[in-house]
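Written below as structure tokens is the structure these notes are about.
Per-chain numbering from 1; labels A, B, C, D, E and F assigned in written order.
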Amino acid sequence: MPTITVEGPPIDIGRKRELVKRLTEVAIEVYKIEHITVLIRENPPENVGVNGQLIADRKRPK
Amino acid sequence: MPTITVEGPPIDIGRKRELVKRLTEVAIEVYKIEHITVLIRENPPENVGVNGQLIADRKRPK
Amino acid sequence: MPTITVEGPPIDIGRKRELVKRLTEVAIEVYKIEHITVLIRENPPENVGVNGQLIADRKRPK
Amino acid sequence: MPTITVEGPPIDIGRKRELVKRLTEVAIEVYKIEHITVLIRENPPENVGVNGQLIADRKRPK
Amino acid sequence: MPTITVEGPPIDIGRKRELVKRLTEVAIEVYKIEHITVLIRENPPENVGVNGQLIADRKRPK
Amino acid sequence: MPTITVEGPPIDIGRKRELVKRLTEVAIEVYKIEHITVLIRENPPENVGVNGQLIADRKRPK
């Protein structure tokens, strides 16, 4: 601990690397604790709903 | 926020659509807050244990 | 399982009762599974940030 | 409830079976409650960071 | 990692101590990994619903 | 979404403010998505175990 869990859309490994590196830096500075774990969860657009609608269903216009 | 996370077995996209729509309606009415996120997690039967037994191991009779 | 976790602001017991009753009804209909657990988490406004700002810090105008 | 969630690396079904059986035994003895659910989450090494580095990136020497 | 999260009712510190010690032993044996974190969450009976009813509302007979 | 959850020890509101602001900046840059939610969880030392021991039980030497 601390442990940081990030729920987001799928991303490539380069972004995961950057995410882990930078979130860890922030956590170390704020908590003054060295041991930080980061968990990245990639959620497919058909498993996430925002305002009552699946992200998979609005994909078009955006 | 609010965010609703549902841990369940795998389901098809039609049920996901219904789940997101209806859970969101309930949350809006109870919280009086518009911005609702729903996260659906699909757990394979070999990753869930109930009363000490994997769901994958009791699949037969049911 | 299924288990539904709701992350939201603090609410009174009447709303919790309604939330549990209605989310459970939806889950039973969608999953066709009887055993549903609902977990309500109440997050104080100083522990939630939206768009980089604590909810506790913007309380005024809204 | 109680529900036990285990975040770890991928494991085979034999270990899952053992994990569920034994964690459930411990929970029943400590809580004196029979109905225990265990959820196993398997995280790929490119989705977990420890001390700022992805597990996928340090795999070699270990 | 691995991290074990236990969602349950409130318990005293003696039981927490036992829970952490024993869950950790199981996890070390199954995963063959030394570094285990356990998080205990204590949920008040008015924040948990089972089968559509708050635990706080059925407390009596049981 | 994305949503970032931080499990850590209790911290004061100043640090929460900083944590939310900076984690959000990182997430916006990595995901290129504006709407970020951060949830801070404060775990009492008697509810967290590391390597089989409650943090509450080792407080002294540190």
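Here, contacts are C-beta pairs under 8 Å (C-beta built on N, C-alpha and C of every residue); 3 or more make two chains touch, one makes a residue touch a chain.
Owing to the predicted nature of the structure, the values given are computational and were not obtained by experimental measurement.
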Chain F against chain A, contact positions shared by both copies (same if over half, else different): same
Rotation in the CA alignment of chain C with chain E, degrees, nearest 5: 120
Length of the line joining the C-alpha centres of chain B and chain E, rounded to whole Å: 21
Whole-Å gap between the CA centroids of chain B and chain C: 14
Multi-chain contact residues (two or more partners), chain D: 1, 3, 7, 19, 23, 37, 39, 43, 48, 50
Pairs of chains, among all present, that meet the touch criterion: A-B, A-D, A-E, A-F, B-C, B-D, B-F, C-D, C-E, C-F, D-E, E-F
Residue numbers on chain E that touch chain F, as the complex places them: 13, 16-17, 19-21, 23-25, 34-42
Chain C - residues contacting chain B, complex: 1-9, 11, 15, 18-19, 22-23, 26-27, 30-31, 33, 43, 48, 50
Touching residues on chain E, where the partner in the complex is chain C: 7, 43, 46-54, 56-57
Of chain C, residues touching chain D in the complex: 1, 3, 37, 39
